[in-house]
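Both of the next two complexes hold subunit A, though its partner changes from subunit B to subunit C.
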Partner chain A sequence: MARPRRVERKPALAVAVTVVFFAWLYLPILAVALFSLNDKKSLSRFSGFSLRWYDELVHNSALIDSLVASLEIASVATAGSLVLGTMLALGLERVTSRRGRVIGAVTLLPLVTPEIVTGVAALLLFTGVGLKLSMGTVILAEITFSIAYVTVIVRGRLAGVSREVEEAARDLGCTPFQAVRLVTLPTLVPALVGAGLLVFALVFDDFVLAFFTTGVDPQPLPVRVYSSIRFGVSPAINAIGTLMLLASALLIVAALVLPRLLGRGTSSLDLITGGRR
Partner chain B sequence: MTAATPDPAPTDATPSVTLRGLTKVYDGTTVVDALDLDIASGEFFSLLGPSGCGKTTTLRMIAGFSDPTSGSILVGGEDVTSTPPHRRDVNTVFQSYALFEHLDVRGNVGFGLRRRGVDRATLKRRVSEMLELVELGDRGKERPSRLSGGQRQRVALARALINEPKVLLLDEPLAALDLKLRHAMQAELKSIQRRVGITFLFVTHDQDEALSMSDRVAIMNEGVIEQCGTPEDVYERPTSVFAAGFIGVSNLMSGTWADGSVTISPSVSIPAPGHQGSADGEAVSVAVRPEKIWLSELTPAMFRMPGTIVATTYHGATTQHVVSISPDLTLTVLEQNLPRMRAEDRWIPGDRVELGWLPEHTVVLT
Partner chain C sequence: MAAEARAEARAEARTPRSAQRTWLWGALLALPTAWMVTFFVFAMAIVVLLSFGRTTNDGFPAFATSTANYRALWNDVYLELFVRSLLYALATVVIAVLIAYPVAYAIALHGGRYKNALIAAIVVPFFASYLIRMYAWKALLSDDGLVNSGLRKTGLSDGVTFLNTPWAVIGGLVYGFVVFMILPIYASLERLDVSLIEAGKDLYHGPVRTFFAVTLPATRAGLYGGVLLVFLPALGDFVSAQLLGGANTFMLGNLVQQQFNEGQNWPLGSALTVALMAALTVLMVVYLRATSTEAREA
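Coming up: the complex of A and B.
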């Protein structure tokens, strides 16, 4: 053929598009990290390195309170939605009737419902039944919103696990409950870790739902950041952003490395990234 | 089972598995229809049939994963019809192997014993013995996902056998293996079964597998057992048109019974001296295996017919000929390619031949 070597050449256009894409994606984030180390308040001129904004952050008790509140909300919501979402996935996987399939489809609705609708609806519900807005209401709303993500990920994994695996457990002496505990759940661990990480990340920086359902104090971090920006941006916000970035990077590295260190064949992140399988 | 079917001497008076009137109806369709079956202790028994014949449903009912609509299941003389799977003295080798991916090979094999609370030392010893039996002694620490298909199959077998069940149920366990490995595993399964002495109930759609491994074979079709007997019985003496057609290849001819022979067409009448129980004028079928028909070296005892070769196909060890007897009757003949046969002696289409077979190879089906 006339052009056998073409395949081997790197397509210049594709490389260029990739570079521009990553620059577009990550330069603003790098700017945040850079300016968190600025020694002046300016967000446009970098004049020298200093850790003063990190120092200010540590002494800003309102921001720290919000950070702690957001971590608490994300942890509780992750745990709650993991339990409920997994139970839902296990149940839906066994359903064969038409009605069951309809219910299965309905559980996916939160994925496509505009979050602002969910937020307003949650606010109306909570005020309607007389619940005082607080961290508790934020957690309730976030769990409701996160269950669908857990269910989708866990069902995806369940679909790849033969029904016969649970039957094998029962065949070898497990009651139905023991079969789930000793075989099905351990098989689902990669999916549970993946779903947990995803939900934690989604809830931790969720603004819309938190904004509608939060009480006055302590406000979740995204809400606090938003309200403080209205009075002028402090580079302390950059500092907290950089710390969060580092924390999530560490989390991702941990999710990739830990399963391999523990001798697991597959990493939990493979489920999200679609790698290796 | 017919009276002509000789049972192998049972090693134990109580059958391992007894099915009485076992029936399963799904959405108005009868999948298993009033099955009666006794499987002797220590027997290698195969349920053979096409997909959808009810063999897997029968197996699942014995394992306890599916509830019978009616009828009863006895394992070792004890009625287990309504016993949940984890309390039945029965273990299963699943078609997909269903290994526990979160456990290593030893964890998989020892799972059943750990459930029963066997002490650590015994557990360790028994798992090692089992792994030796299936020749996986050095793979104990591997994850199932790192094993080949044949090795996964052995782990599944060891995991079930270690519990020393009254019956081991095998659901097409060799179906996923390639041909060569399948043949090797057939021989190995058989030898393992002989060594451990546990009753095997093997479900397959592969007649070759069923014939080569089993003490007895039951041919299942549309929820009922068509025929049950030793591999030789069901192959040499099929009792129904389905059995004759499903196992191996048969030349099936339909005709009318009269005076000790079957009239296929005005010019063809096949004597069947051994057949009894049909009235004159009754419609019957005749089955003859292709390899029982001779094209040369015919003897006086044989039933003979003239014909014309219309096609030959070379299969390596054998050659298949299609012989036309009359315009509406052709027979398939399978000839061994013996060392003394020379290429120029082979039959070619158009050759006039005389074919024949011994009267005992004529099987009359009613």
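Coming up: the complex of A and C.
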């Protein structure tokens, strides 16, 4: 880890691009947050501090319904994809046959399929079998999309757990099921917390899948926000947007940090960036 | 007695253990596999089937065996849209590389102890609401947005129409997906042995030649991965074009979305979806072939 890194002097161009990049990344978001606190309707002149747009949100019952719906969708989808994704990760880690590799590849497909395609496919499946579009159909689609994330993160952690520990538990008299439950699962807790938070944030914010699979009422929050954005920009959207950004930023930060605090080893960040040595 | 019995039971269990184990792991795989087959593979199959379908007289989609939907795709309007989507996605990839490589390079090789914090500072906003980030651009670039009011105040211009231009849409796509370029390039730069660069400098003289002769080839895998990860979602996107563009900048995704939400021609929408997937698959296979041969030759 601590390898002397005497590289050439700082490359001015790369550093300059990085500085501009960070400004470009944060400027639009900060502008949204700033003008959500404006006391006038203008999105270009800040005339005074006010919470009136937030007050407006709190009294918008349709919006609150959407928020509650999105929280429910994200909770159920997170629980479902954690269970299925962990089962899949455990199974794939140990079944090394050709069949296992095929299953592994299929489950990763949603990660490389454009979301619009997954959305269309889910819509056709649900209407084809006669399911009424509702929060339930959104949840089914979101679970399908999220399983891959859980599987990838949990497998990353599993790879670091030596299988001898499980063997030892078996030698001490555990049934295979007990060995998994008492030995393997506890070591997965940090990965599960990280994956759960990440999936919750992704599902809560997900627009495309929800857009294709939702019923009319209640609409998930991103779908409702999208229909108002289409008609233009307004400080009220700035307010809800600021809250959504803050909420998911907190979740993502927690997803990056908590696994590290809970146990040494890989966090989601390491997996995202290809791991640290 | 009890200990003896346990030892016996254990000895017994030892022989069929591998069988038992396979059974357990197989059982664990069954449910998620059934789920993915139902909700992903089977769902995709329905899209393909319906792409050969038709719309009944009372406006409902129905399965059939006609190629009319695919023939309907072959007209100037759709072809232009198809080419435009490809061009936008390619432009997005090129701009993303030009931004991502220097950023990843600066952070990986000169980030020092702030490396992880800087990467987190990039990752956090990118995984937070894509929709709100697109909205942020719309608010910033709109005719009475911050940029235009700044231009007017400084007297540089009476206002520029940014929205509804191709560059607004491409800018939105880059803003949306550039993180998928930064992360793999960063990962491969992290793994790069710095002594290679030092050796390169002794050999080739000058940082520029060293970069092209040593650093870039050594991080090719990350670069190739990033190109794929940006191209795929960019080609299928419809939110950027919907919010930042107009009818003249519509992409394939918008057309698909229209068929399912406004036009209500689901069979045609299915054919468009299949065409999109087919194009992506062909491009991916060609790309992976080309990059893996090149990697082997290197």
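Keep in mind that, in the parts below, the second predicted complex is superposed on the first by the 233 of 277 C-alpha atoms of A that agree within 3 Å, B and C clash if a C-alpha of one lies under 4 Å from a C-alpha of the other, contacts with A are read in each partner's own complex, and residues count from 1 in each chain.
Note that contacts are C-beta pairs under 8 Å (C-beta built on N, C-alpha and C of every residue); 3 or more make two chains touch, one makes a residue touch a chain.
Bear in mind the structure is a predicted one, so any value in this text is a computation, not a measurement.
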item	value
Partner chain(s) touched by A:241 [first = subunit B, second = subunit C, both, neither]	second
Touching partner for A:144 - first (subunit B), second (subunit C), both, neither	second
Touching partner for A:85 - first (subunit B), second (subunit C), both, neither	second
Touched partner set for A:160, first subunit B, second subunit C, both or neither	neither
Which superposed partner A:173 touches (first subunit B, second subunit C, both, neither)	both
Superposition-derived comparison: subunit B or subunit C, residues of subunit A touched	C
Partner chain(s) touched by A:215 [first = subunit B, second = subunit C, both, neither]	neither
Common interface residues of subunit A - those touching subunit B in one complex and subunit C in the other	170-171, 173
Interfacial residue positions of subunit C with respect to subunit A in the complex	6, 10, 17, 20-22, 24-26, 28-29, 31-33, 35-44, 46-47, 50, 99, 102-103, 105-107, 109-110, 116, 119-125, 127-140, 142, 144-146, 148-150, 175, 183-184, 186-188, 190-191, 194, 197-198, 201, 207, 222, 228, 232-233, 235-239, 242-243, 253, 256-257, 260, 266, 269-270, 273, 276-277, 280, 284
Residue ranges of subunit A touching subunit B (in the complex, touch as defined)	162, 164-165, 167-175, 178, 183, 186-187, 189, 263, 265
Subunit C contact footprint on subunit A (complex, rising order)	3, 5-8, 10-11, 13-15, 17-18, 21-22, 24-29, 31-32, 35, 42-45, 84-85, 87-88, 90-92, 94-95, 100, 103, 106-107, 109-110, 112-118, 120-125, 128, 140-141, 143-144, 147, 170-171, 173, 176-177, 180, 198, 201-202, 205, 207-208, 212, 222, 225-226, 229-230, 233, 237-238, 241, 244-245, 248-249, 252-253, 256, 269, 272-277
Complex contacts: residues of subunit B adjacent to subunit A	63-65, 84-86, 90-92, 94-96, 98-103, 111-112, 115-116, 143, 145-146, 159-160, 163
